[in-house]
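Next come two complexes, and both contain subunit A; in the first it sits with subunit B, in the second with subunit C.
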Partner chain A sequence: MVEVNDTLSGPVLIIGAGVAGMTAAIELADSDIKTILVEKKQTIGGNALELYKAFPTDDCFYCFEGSRFRPGIRKCFYRSAMLDNPNIDLRTNTRVDEITGNPGNFKVKLTTGPMYVDPKRCIMCGLCLKRSGAFSLISPQCQPQAVFYDPSLAEESVKEIEKECPTKAINLNAQSTEEQVEVSDIILATGYTEMRPVNMDEYGYGKYPNVITQLELARMLDPNGESAGALIRPSDGAPVKRVMMVQCVGSRDENYNLYCSKICCVFALKHANIIVNERNGIKTTVVYMDIRTYDRHERYYREARESGVRFVRGRVHLVRPNPDGSLDIIVYDSLLDRYLSYNIDLFVLSTALEPSEEDETLQRTLGLNTSSGFVAPLDLANDSVVAGDHVYVCGAAMGPAEVPESVTQARAVVSKILQGRQ
Partner chain B sequence: MMTENKSKVLLCTCGKQLGLDFGLLEDNVGKLKLASTIVVHDTLCQEQGLSVIAESLKENNGRVVIAACTNQKIQPKIDEFLRNRGLNPSQIQYVNIREHCAWVHEDVNEATQKALDMIRGTLARSALSSSYETARREVPAHVTVIGGGIAGIEAALSLHKFGYDVTIFEISDDLGGHVAKLPVVAPTGKPGREILSGRLKALENSSIQVLTNTRVKFIEGEMGNFTVHYSIESDEEQTLTTSAVVMATGFKEFKPTMMDEYRYGKSPDVITQFDLSQMILSGNLKRPSDGGDVKEVVMVQCVGSRSEDYKRDCSKLCCTFAIDNSLEILKLVPDAKVRVVYMDIRVPFENEMIYKESREKGVDYIRGRVSMVWEEDDGLHVKFYDSLLDQYFETTPDLLVLSTAILPSDSLEELSETLGYALESDGHIKELYGKLRRTETRRRGVVAVGAVTHPQFVFESITDAQAGALIIHNELQGGKIERVARGAVLNVDDCVGCSLCAQQCPRGVPLMIEQTEAEDEEQKILFKASIETLNCHSCGVCQSLCPTGATQLCFLSNEQLWEQIKATLEGAGPDYPITLCFYCEECSVSTMDIAGTRHMTYPASTRFIPVPCAGRISIIDILKALENGASTVMIAACEKDRCHIGGTGNEIAQVQVNVAREILNAIGWKGERVDMFRMFSAEPERFVYAIKIMTKRAKELGPTPVHQGTAGKWVEVSE
Partner chain C sequence: MAETKESAEPPTILVDPIDMSKLDQSFCNEIKSMPYGEELVACFACTTCTAACPIANQWDYKPHQLIRMIILGMREEVLSSKEIWECLTCFQCQERCPQKVRVTDIFFDCKNLAAEEGKVPNSIVALGKLLLETGQLYEVTEDWQREDLDLEPEVPGLATEPLKEILKTTRTGRLVGSDE
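Let's turn to the complex of A and B:
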């Protein structure tokens, strides 16, 4: 158990190891403050890890900031060495179960799922990967750099593999563990969840395989992904010739979320540009209400128009599947005041960015303000990253945020914590 | 070579899983003259292996060569282990025999030979290595903030809490900037004055120095020792010594006097949103022309924004600003008719709800453009096109409010000349790296917060300022800087004052200092470079450009690299043409490592040498590779505009490659033997593609003049 002596020197709990949480952990570590970085998934990186190319810089998403531990402006994510940073106690596959205690001295119960492979010991030598399909590499960029074991795919051979693992990193009998830690501050960096519009009949998501979301498209465009960057129809693997995207699915909509999800226009146009410019000959149409490419993101809109991406201001009226796997889509064009019919191969929904599932419990436990389901700052006019006494928030946990915003907010959080400890 | 320059070699088998002939490697490495002893270990990265490394540091003055998996993963762990035991890891050199050899080549013998060659090369680099340690430097714990708006105030308060002395320079007679003039600040719903008041009180109660009516003329020096030259009102120039600078000069509202179509500056009833804000704030919402009541208002969005003629990008804030002001008008004049003519309404996140509220309260939104504005006896006339109805309408509003573009503040360009930050094409301060380092600038020790880099909402500027304060605190460490002195070291005696380093350093570190104290009369007029190693980002651009070798990286001198090239290429000839690849330890090493992790395959007739940044490679380094038997030479660098060092290292490398090619063509050596490729770690196939091209060229172009014995040897001219 971690002991807290006083509120000025205790460790900081960071919930969520996406862009915001990692940045906060690295910055605090640089100032010699211990952190416990909790991530529910097996690999850290959050949503950003699945985004392929990043705006506004158009490079890959796999970078994190350089630090005193790994000097430089930025470093590739796979070599972030978060696991080796002496000030960061990284817990993947871990959930926050309960928070009690007082601000400045929180008692937090953490539950870690079975750690079949000890990431600190795994050297990715490849022995298990060669021998059994139960072991896999989530991605070449995954962090921690360790193999992942799926017990549901276990064969006889896994027991031998466990014995032969050169670093004895495998423990097939691993169980869930619980631990209570004491921390002086809590940073919420739980990010967002991309909405899966299974309940919106009009778009056929979940019903027609060729209807996907923007995050699913990002994975398809990623050369390290399953299709090696090729745009194919999920239904039959046939090459895609025509793409349609529709904006504001579940956003700016009284039945779902009233707010604008802020980054979907940029996200969609970034993808549209990649498709049109780098995946030859694929026609792309974007159906929108307002194109919201704020600030310098306007560049994506300019490039899209110049590259021949077609824009239709209006709404999708009807989606109808064809026997050949393609979709007929009828769109109302509000500028022409006319219904237009399209035949397309891939229909991409720019769905709303919603709060993470665990947010509600955390918000309730900590008695935080909320707005639209996200964490709201205690007093926005004063500080946008302070959510409560010794409780901070950064990144998409407080509403849709770009990578650079999440990074800046995480730094602001660390700035506040350090100022309070001077 | 002296015996003490030998290194111990540690070979790791990666749990006996690596497809290399370790027996052969052990035998052959043992025969190398620069290898002292060899240890073959199965898991160097585990506890027991780490102890072996620690023990090995005690021999050969700490020179150790580790041949294992990528150092990008194991080095932090090894360094941490050794530092905790008081050992200095700076003389460990790494060879990647996993991702760069065993995992990417099918033929075990070829992969083993490649590993052997690269170990030999690394031993040569190691033999000339010197150690570097943590250095300390004390600087004044004082920071200068330029601009007394919300961002500047917040930055000053944050820095003050961090324990720094702070001076705020404000050009106008009062603090508060634009925020002071806002009747309502989105999305808080509070007036600007209220948001400022607590902060202004905190300022008063602090020791922060506030200089209003003060103009900063220029700033010279470097992080830890800047001198601010300023004047208060029109008094004579004064100076102030400071360690870091926060640029927080905000923005300026575009005044569209040159846009004839809107009659701004001609008709008094045509105003900007800020003009309207001030009218609302003063409670005096009347027609400026005759003081008449305001019953009807037309607002026009994107005046000067999203326009090829003025500002190409969106100004981000104006839609929210217009909606807020519309609602304020309706509070003052409930039956007023407000129309907003727009292209796209852009209101992020919950500002959408304010947009909705305004529609419900009767604000009319017209998608289209204003086509004409004119004055008649009965007042202002506006004709606009509604693109949804495809119709023109004419109206006679009491006020025409232009939502004009947000432009960078004045004097940014002037200050950039001495302060050394870069500017965007739109005139704002360029962020060091748009994704992760938004508040930093090209120049170390200069941070930019708030609207000075791009339009930002008030709460975003506050966050920016808090983050900016952290960046400065990280750099200055309270005035007691402690950092590993790994970077460029200048031997000032060899400097000829050409200033190439000062001009081209991506972070603006070298300064040119006038040699006023030189004994020799002739030297007096000379400027010589000065490099603060602790401010250096260790890319080596200065080294590759320096004509005399005066500046060199302490961890990779010219001699070190040349010896490594020579040793790596020992035996390279026409029968097995070798492609030598210099790769940067940023995007390139990642791309190559990931190609390895994915077990992609490429020809083994390749030899790799790491450099911190592609900009470290000079023309001479390239020619040395050919001189020593390489058939082709490639440089793997970061993508265009995405140099990790600060933006230009890769472009400097491109210039070096271009010049090298010209030289080769001129002497009949075929310039295409040298090429540069851009790496991207999400696309590992880029590296495989590049290697395949260069190995193919190596075969097709045949033996080089060096192989044929027809080349004249390069001769070093020594004085």
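Let's turn to the complex of A and C:
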């Protein structure tokens, strides 16, 4: 056992429970370091929760070997293991309100709740889900396993449901609670949010229901999702026959985000391959200006061409909705110098990956360097995960990143903290 | 039938390349130094400008190609192109350009340069003349034009004389006048 210096033995606060935050928590816990893992949503898992097949291995990154051979079953033991670990104090539905104190001894005010549904009691019987739209299941994979209650959708019936819940898990009068914790280190693992391009008139997102983002497509492709993996038009539920994707929406665009979001080419082609190979007969076209499937991911590009995914080098001229729900899309083909007209059912935008909403406040409070809104390390060349004195960063909080990269960075943070405590 | 050794061999170059040494290498910098031309070289050839353009369909040189030609130094071809004059100045290319290249403004720069060199199409010169002579681009020529809109026959308070005076001293005045 490592001798722990008293002044450095405080717990570590991890903000964000996506793959990066979870990795840091579980590996610190394994080294007997206490962590407080704060997640603003009611479930842990972050953006990777609903990814269906993940590159580079095409399965759920966290599944243990055994479950790889049970297609469609992605019970993530990894996630459920987080709930019972004595060294991890998991706080879902929790926000960081204030950070004061000094490096090595931060005082952090946390606000939790309101916890309308007690996750320790909810047995996911589904009674409330059937009775009112105010109750929903974020994902069958959610951890802790509990339904979600949205008070803004409350109807008359919710009071009855509260009484009828077999385990008395529901408390409609729940209030939020505040607590101050003292921690020695802070790890920022707040990840990214996918851009919703409502301001880009040319694509009609938010205006035409059959225009969606890649994350929305991932949710649709997920066999555990609402449509059970079937591709359907959001407008009328009709089966999709033709898909078009367009790359670099809001990325590499100085009017929005000047950086390349790095992984959207890879996940777009991952999705295109799934559609063409596993959803028989659906035609898929990808409109791009550059395809950037960096290093080993080039194979997704090659596979896409072999599978019959069509590529058009150019940009979208216009999108026009038809009364039957389909969309007419005219694309300028810059290689042919001609305009191509398509009729499609689902238009998928590969939108930018942007910093999480509260990141700016956190960065300002902690006085961190930033780059395009993401956390920038103090010394990019030597210590890419150190953001400040006793402050670390990993995963997509530093900029668009894939899962393996986020995990590697989380491990680097863990080894930094362990070194500091020897 | 003098057979030379050379002619028996296939020509080594089948393509018809642009001789780069003949292009005007300073043209790019010239445009860059003009108003709103700074971002010219930021262009990464995505062709969004052409995709956005409502009229490029009818053009031999598309907006992105004109930008490319400027960067390469194809001064002559750009300044004598019909496209820069047919541009509707709708600014859609410029609005959507992800690299903030001010495409429409750059075409204005090109028009200004072309005008300085007397390369203004006749139709445009005619418009300039009309403006100079009448102080208006659109004259009411038929009674029904205003009647149909329930307007009085004469435009109230229309005073074109002062405008004509001013126009004489402008570049338009100079360019159109020198043509006479």
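Some points to look at:
Basically, the second predicted complex is superposed on the first by the 351 of 422 C-alpha atoms of A that agree within 3 Å, B and C clash if a C-alpha of one lies under 4 Å from a C-alpha of the other, contacts with A are read in each partner's own complex, and residues count from 1 in each chain.
Quick note on the criterion: a contact is a pair of C-beta atoms (placed from the backbone, for glycine too) under 8 Å apart; a residue touches a chain by one contact, two chains touch by 3 or more.
Every value quoted in this text rests on a predicted model; they were computed, and no experiment measured them.
In the superposition on chain A, A:Arg252 makes contact with both subunit B and subunit C. Residue contacts after overlaying the shared chain place A:Tyr332 against subunit C, while subunit B stays out of touching range.
In the superposition on chain A, A:Glu202 makes contact with subunit C only, while subunit B stays out of contact range. In the superposed model, A:Gly281 lies in contact with neither subunit B nor subunit C. Of the two partner chains placed around the shared chain by superposition, subunit B is the only one that A:Ala412 touches, whereas subunit C remains out of contact.
Touching more residues of subunit A than its counterpart among subunit B and subunit C is B.
By the document's definition of touching, of the two partners only subunit C reaches A:Val316; subunit B does not.
Of the two partner chains placed by superposition, only subunit B is touched by A:Arg121; subunit C is not.
Residues 252, 334, 337 of subunit A are contacted both by subunit B in one complex and by subunit C in the other.
Remark: subunit A residues 23, 27, 30-31, 52-54, 56-57, 59-65, 68-76, 78-79, 81, 84-86, 121, 123-127, 137, 140-141, 145, 165-167, 222-224, 229, 252, 258-262, 290-299, 302, 334-335, 337, 371-372, 380-385, 399-400, 403-405, 407-409, 411-412, 414-416, 418-420, 422 touch subunit B in the complex. Interface of subunit B with subunit A (complex): residues 14-18, 42-43, 45-46, 69-70, 72-73, 76-77, 80, 84, 158, 161-163, 185, 187-188, 190, 194-195, 198, 306, 312-316, 344-353, 356, 387-388, 390, 426, 432-439, 454-455, 459-460, 462-464, 466-467, 469-471, 473-474, 483-484, 486, 537-538, 586-587, 589-590, 593-594, 597-598, 639, 642, 644-646, 680-685. Subunit A contributes residues 202, 248, 252-255, 289, 314-317, 331-332, 334, 337, 339 to its touches with subunit C in the complex. Subunit C meets subunit A in the complex at residues 44-48, 50-52, 57, 62, 64, 96, 98-100.
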